[in-house]
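Below are two complexes that have subunit A in common, paired first with subunit B and then with subunit C.
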Partner chain A sequence: MNVQPDLDFIKYLKGAGGDTLKKCYQCATCSVVCPLSTDDKPFPRKEMIWAQWGLKEKLVADPDVFLCHQCGDCTAYCPRGAKPGDVLGAIRAYSYTHYGWPGGLAKLASSAKGLPMLIALPALVIFVLWVISGGMTIPSPETFSHYGYQQFFGHWDFHWLSKNVFFIDIMMLPAAGLAVFAAYRGVSTMWKAMAANAGMESAFRPSVLQFVKEFLWPSVLEIVQHDRFRECKTNIDRVKGHLPLMLSFMGLFTVTVWSALANDVFGLWIPALHGPMSVWNPIKILANVSAVALIVGVGILWSNRAKAEADAGATGTFYDWFLIWEIMAVGVTGLLAEIARWSGLAAPGYIMYFLHLVSIMMLFLYMPYTKFAHLVYRTFAMAFERYRDSAYGKNPLDQ
Partner chain B sequence: MTDEQGTTGAILVVGGGISGLTAALEAAEVGNDVFLVEKNAYMGGRVSQLNQYFPKLCPPSCGLEINFKRIKDNRRIRTYTMTTVKSVSGGPGNYQVTLETAPRYVNSNCTACGDCAAACPDEIDNEFNFGMNKSKAAYLPHEMAFPRRFVINKAGLSADGAAAVKAACKYDAVDLDMQTETRTIEVASIIYATGWTPYDPTKMDNLKFGQSNAIVTNMMIERMAAPGGPTDGAILRPGDNKEPESFAFVQCAGSRDENHLEYCSYICCMATFKQMTYIRERYPEAKIYVFYIDLRTPGKYEKFREKLMGDANSTFIKGKVADIIVEADGGVTVVAENAVTGDKIHQKVDMAILATGMQPTQAIAPVNGGQEMDSNGFVVSNRATGILSAGCACKAADVVTSNQSATAAALKAIQVTRR
Partner chain C sequence: MDKKICAYICTGCGIGEALNIEELSGIVSGEMKTECKDHSCLCGSEGRAFLEADKAAGINTFVVCACSPRVMQTEFDLGDDTITVRANLREQVIWSAGQAEEGSEDSHQEWLNETAGDYVRMACARAKKTDLPEPYLLETLHKEILVMGGGLAGMTAAREASLAGSKVTIVERAAQLGGKALGWTKQFPTKAPYAELEAPTIGALIAEVEADANITVVLNTEVARIGGAPGNFGATFKPAGTKSEWDAPAKVGVDEQDRISKGEMEDPNAGLKPYAKNNGDAQKFGAVVLATGWVPADVSGYEHLGYTDNDRVVTNAEFEKMAKDGKLSGMNSVAFVMSPGGEEHDQDFPYANSVTSMVALKQAKYVRENNADAKAYILYQHMRTPGNMEMFYKGVQQDDGIFMTKAAVTSVTPSGNGCTVVAKNTLLGEDLSLDVDLVVLAAGMEPTTKHENSINLAYRQGPAFLDLDLFDGYADSHFICFPYETRRTGVYTCGGVRKAMNMEESMEDATGAALKAIQCIESADRGVSVHPRSGDKTFPEFFMQRCTQCKRCTEECPFGALDDDDKGTPLPNPTRCRRCGTCMGACPERIIGFKDYNVDLIGSMIKAIEVPEDDEDKLRILVLVCENDAYPALDMAGMRKHKISHMLRFIPVRCLGSVNMAWIRDALSAGLDGAMLIGCKYGDDYQCHFVKGSEIANKRMENIGDSLSTLGLEPERVRSEQVAITDYDKLPQLLNDFVDEIVELGPNPFKGF
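The block that comes next holds the complex of A and B.
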């Protein structure tokens, strides 16, 4: 076999939490103790030797890398302290940068060095828009208690679309759009690489509907139910954090979709839909419950990770912490802004609201390049696993 | 015993296994006085528990017996069994060592006639056979025990048993009022030859030792295969006495593992090959599966490996067993990934043999004796202090290497006495 090691790739992995990978001596304990490893395609032993050999192309197109939930059982039982769980995490971090588009932004989001820039970029965009909007005045207590943050970007008498919604739309929609496109591009590149790597020459392709029904939807269901996550032994406590966090994201997604519809569509005819919702509005209740679940969930993950690093020797990386910090920032700024509104503290409220917008924009914009990308990459890897084992994944002439 | 340099000239050897015997004899035959203390009631250590040992696959009687004879004939060696080191004070050339001898409850009148054991109604677990059978509470530790004298386990003896044992002895050798004795000796140098203890297999929770009778250790196989062992040489599954039709050897069970013993125990690969010959003698058709990370067969042992790897009914799989599943029929399934093919293997077998490694006894029960130890509990020889180590107290080794290191330690000890 002609092995072409990619030395830079090995260096990257060592710097991104995989510094232990060279300790592996291929005993394969990890593949046996891993609760997610299958009989015909066990991992992470093979990934460890590919990583040692710098076989980047094999790893970024390996579904098993993404199927790993970093239970940590492999790391706990590893006789050499090679921490396969951490190494696979580093490979995933690399893959998100590898598939990320535009490349410059993906690279910026991959290390702590880029953090000031990562914060400054959305902060500047929002600040400039705030200046342009002319809404940069702290409202009177009466206005604040009546409108809340609905006039953050000012107010105009244009009947169809409120000024605030307009400004939020022009910054958040492009950010979200870029993220969705980048994720789509990354996932489809990954899919093609995985199919090529698995030597699949499919004679038939499923329709979009078939694809969703047979591969994507069952994977989503499995994720929502946390079936694989619950197989973990060493880090089983992470389910207690991840489940409320994921449900809160689903809740907040629903709230956001409803708000967009209410403000941008129905609000065109029913102006009453603009303005802060009553606390007892079902949508507002969902929003508040989700916000609390988000903070609690990410708080549990925060303490679990800190504990894993202190006790189990897990490696702390920017990749892992950035997502935790970012989600915590979204939750805390949102909640503080709401509390400020209830307390009638306009100035601190406006500052919090500004920070809240910044953190949300960061969440959208960097989704495809940071750990948050597991949302799409792992989902599609799970779909690929189903696809590979289905009739589509096999050439009938080979059977 | 002080000579003109102010040193006592005597050497203390702690441990009466193959290394301790060698060190004691080498030093005594050069003319030094030697105290040889042994924690057990018998000399010979781990070697006496083996069925056969390397390099020539001799039974332990060969080798140990000649050493016992040399010790008996050498007036410079004083032996103390059931004796441990309690404290060490002083300095190089002049150590005061306090020894504590546990009561044997049998005095030197004993002729090893066995009448006490025959009369004794009480039974205890036979530790020499890893609890695989029972012995009487008045017992000879094993059939070639040296010194050849019975021992009484007083805690395991009932009131009736005590009376029966006392009454049975024609030589007035039973003394149930015997007390712990302490004595202080002066020595120039100390050699720790405290040997090894099989690593506790219950510590590897994924290997399920203790949850199925089909899971045994390599040392248990030695006792089973030994003619005087619990099964008189038959390799049978404990519990149901089934003749196994398939065996799995689990190499590196606890060795080369940071969570257990971080070093290679050196002997387990060879022990497995040796035990394959035991199995072949008894079951020519049995299937044998050996799961390993690397096979380490240094030097001349390579030939032995080649021979056994040619066995048609044996399969060698590169991949460590990391899970054992207990099956309802009394067997077990061992699980490993074949690192060569990348397939996960679930192999059902009648018996799984854990090739557990050697842990220095000093790591488990360290002597308060001024010895320097490394992080694994091996004793590091220090020529300046004259506190030395030999055999498996010093590193994981086979008998040949142990004897070499025992001779080396004896030489260093002699040098301390002549400084």
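The block that comes next holds the complex of A and C.
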């Protein structure tokens, strides 16, 4: 391997929470204590020296970087204070930017400097849409109690698509679409790089069905069950936060899908499906339980993170905090909007609802570039790990 | 001195219960014709008062039959005008006795008393033969210290000696003080947090030395020869780079002298003054600090590194000069190669120690400080950063542009304007190929003693230190126990000539050497030994009338203390002497001895051992035990109550080298059934305090084995063994096995003659 260390890459990592990376002296204590590391080419020791040497190309194509759950055992035991857990976090942050598309947006989402812009962008879009939708009014208490936020973007009589849904769709669908495309693009680039890096020349490729069945689904199952998270020792409490948070996302995803179906599809025939649901509607119950779980979950992660930074010396970064703040914002604005609706406070409710929309759009739009991207990258890295060790990952001629 | 001897049996520590004191007193007063008293606790204040009262009553030779001579030394020291002799009844009799077997309590008690009786006899015999020592004093003592080499170590030694009140002369070959340190761009950090390189301090030290009224600096000068002895060295100087008739002559042995006289060989010393010739113009010194430093090692032998034909490959010394001269422009990526072994072995360049690791770290910093975008690669097999230098390593590690990995560098080849370095077995998990502008090899520091005599002594045993082959060209220093010592008393090496070391280490080392030099001079002033028998007032005395000029003493002295005249008669230099007695052991005429330790004295002790006749159960075996390591090990075996055979009789000796084979013959002809020598380990990792003693004794024992067989005695009756001080748990087994072998052989056939 002809080595060309990338000084800028090292500088980036140092600025993104990996400021301690140069302290590593390769004793491999980290790889020994890591509950997730494998016997064969264990991490994070090798990632540490690659990072010290600025070997960017090796690191962004290294599935181990994503297999790390940053439980912090390595950081706690490191005799040099090199904080391998934080360094790997920084490498992941770099990778999301590296694989992010469009590059400008990915870069914007990678640092605190971009934060005003990151908020301003969806806020402006939604405000403009609110203005041009002609809604632009705070409803009367009667309207508010009857429709809630269903007429935030106004109302028209076009039966087949409500005005509100239309406006939400035209902003959220492109945002989500962009995110899905960017994530797909990033993951497939990463997959190719990982395959090339692992020296895999597979003669066969699985069908999509096979891929999902053999590699993706088992990984998803593992993630849902938090099997790897539970291996952690130092920060085992994170499971208490991450699990409800993840389940709440699944719950809210279900609610969103149902709402879309109910409003945009079934609502065409059953107008009663429009309008706020009863509190006792099972879907609404799921939504509210999920919302509370979301706030509780992210709250636990928030305090864990703060504690890790105060006690264990973990480095606070924009990358880590942005996601926590954002999820907290989604949960809090949603809940406050709902409380405002129950209380009949139209004006504060509308403001909360506006903020809720902004935070949701931020979540969608920036998913592939921020820490939220671990949702897809780690899932696929885990799938890759299975794929690499499977028959597909090996050239039958070499066996 | 008119000796008044009295023996004192201490009945404390269980001695009174275990032994029949009455019987012992009887032996002393009857057989040994010496007054005898006992006391329940001789080492206590009452016991001391008891002894002092006797001293006041005129007793001047005290035979203390109590514990080991290694303990209670001040308690039983009754003053310079008295002699104290010890009988070790505690550790080596009652504590080594073991438990009586059932049904044999009587015989156990019997041999216990026999053993104790022999130790008391030996002590009384010793007391009779011991004389009060009179220290050897030089007519004129010179206290000035000669420092050879005006580099960092030499100047530090001079400065420290001066601060302690000594006059010092520094002899420097070059035209200025400073040595190698003048060429350093920066120095290693010396204070917390040990992260930043420091500006050179050598200039300040030079100024200090030049301003010091106690220090005389002689530049452009070399030492032609140093004759004499500590307290009275005579150094002849000459202009640097010239030849002089006073140059130290090479050693010419007896055989070589023969060939020279027959014209078969050219005299290597033609035109030089004989070594023993005294130069009246020589400058006088009390001790010498050798700080002649080091030279960069040659690295052209490593073909795969291409030093010889690739001008982009330099040594660390050359790179330092490039940095000093400001010629680092264009050096934007530099690889530092620490180990030349490729895949063969992982050793660093020879003579590296930890210095080259730190130099590489320092020079990597130069590369980075010269250009913020530059990259420095350190390819090491060992990163050695002792002590606080670990902090320096950590600091350098923090630099974004310094890349380190353990690696086996397998080739350096020219490419473009630079080189390609290929390294295997790296921490990165795969082989590396690095394109760099320059490769720096971490060449080591070879001591000047590897290439030249350096010290230039006019001694019979030659102008250089001995055994340089064993120590890669470093002066033999007894590295395990006494790293400061050389085998030339009064000569202390420090700095790069002693070990590859950095500046801070050199300064510490030089301070130590200065103090050693002062200690040596002060000891010579008091007429006592400096090392390792510090404070010993005795010294070997020669009865020259009976000398046969056999030259064994002059050849065998491990410290070159003995010169000789034209005929070969030894010329002792008591201030060079370490009092090991190797000369005494060597002398076939038995004309060498100390006041309290000589052939007659130990011989009398051996003869004092009672040898029961016609009793196969009561064999007697003599064990001469080196008092440095083996005797303490034996005491420790006793403290741990390890059982040692009752047939053995131990006599401590200064060093096995002092064992005169006459004693073995005395023992066997007196009817003893075997003899054993126990000394320190010898060889490459020797532990012998006198370097060669146990090795020489072993040779002598081989020879005596041959002569025993001509007498019809089994050579197995004599043996030489080596133990370490930590072997106390193995020692009883070793001794008891030997006893079993002697029992197997049966009693000495000469018994009773």
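As a working rule, the second predicted complex is superposed on the first by the 398 of 399 C-alpha atoms of A that agree within 3 Å, B and C clash if a C-alpha of one lies under 4 Å from a C-alpha of the other, contacts with A are read in each partner's own complex, and residues count from 1 in each chain.
FYI, contacts are C-beta pairs under 8 Å (C-beta built on N, C-alpha and C of every residue); 3 or more make two chains touch, one makes a residue touch a chain.
Because the structure is a prediction, the values reported are computed rather than measured.
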Quick one: classify A:His374 as touching subunit B (first), subunit C (second), both or neither.
neither
Regarding the shared-chain residue A:Trp53, is it in contact with subunit B (first), subunit C (second), both, or neither?
second
Go through the superposed model and pick first if A:Tyr25 touches only subunit B, second if only subunit C, both, or neither.
both
Would you check which partner chain A:Arg388 touches, where first means subunit B only, second means subunit C only, and both and neither mean what they say?
neither
After superposition on the shared chain, which partner residues are touched by A:Asp39: those of subunit B (first), subunit C (second), both, or neither?
first
Scan A:Pro79 for contacts with subunit B and subunit C and give back first, second, both or neither.
first
Please report the subunit A residues shared by its interface with subunit B and its interface with subunit C.
25-26, 41, 46, 80
If you look only at subunit A, which of its residues touch subunit C in the complex?
1-3, 5, 7, 10-11, 14, 22-23, 25-26, 41, 46, 49-50, 52-55, 80
Across the complex, what residues on subunit A touch subunit B?
25-33, 37-42, 45-46, 77-81
Residues on subunit C engaged by subunit A in the complex (per definition of touch):
373, 375, 394, 397-401, 403-406, 427-435
Over in the complex, which subunit B residues touch subunit A? Could you list them?
206, 252, 256-260, 293-294, 318-323, 335-339, 342-344, 346
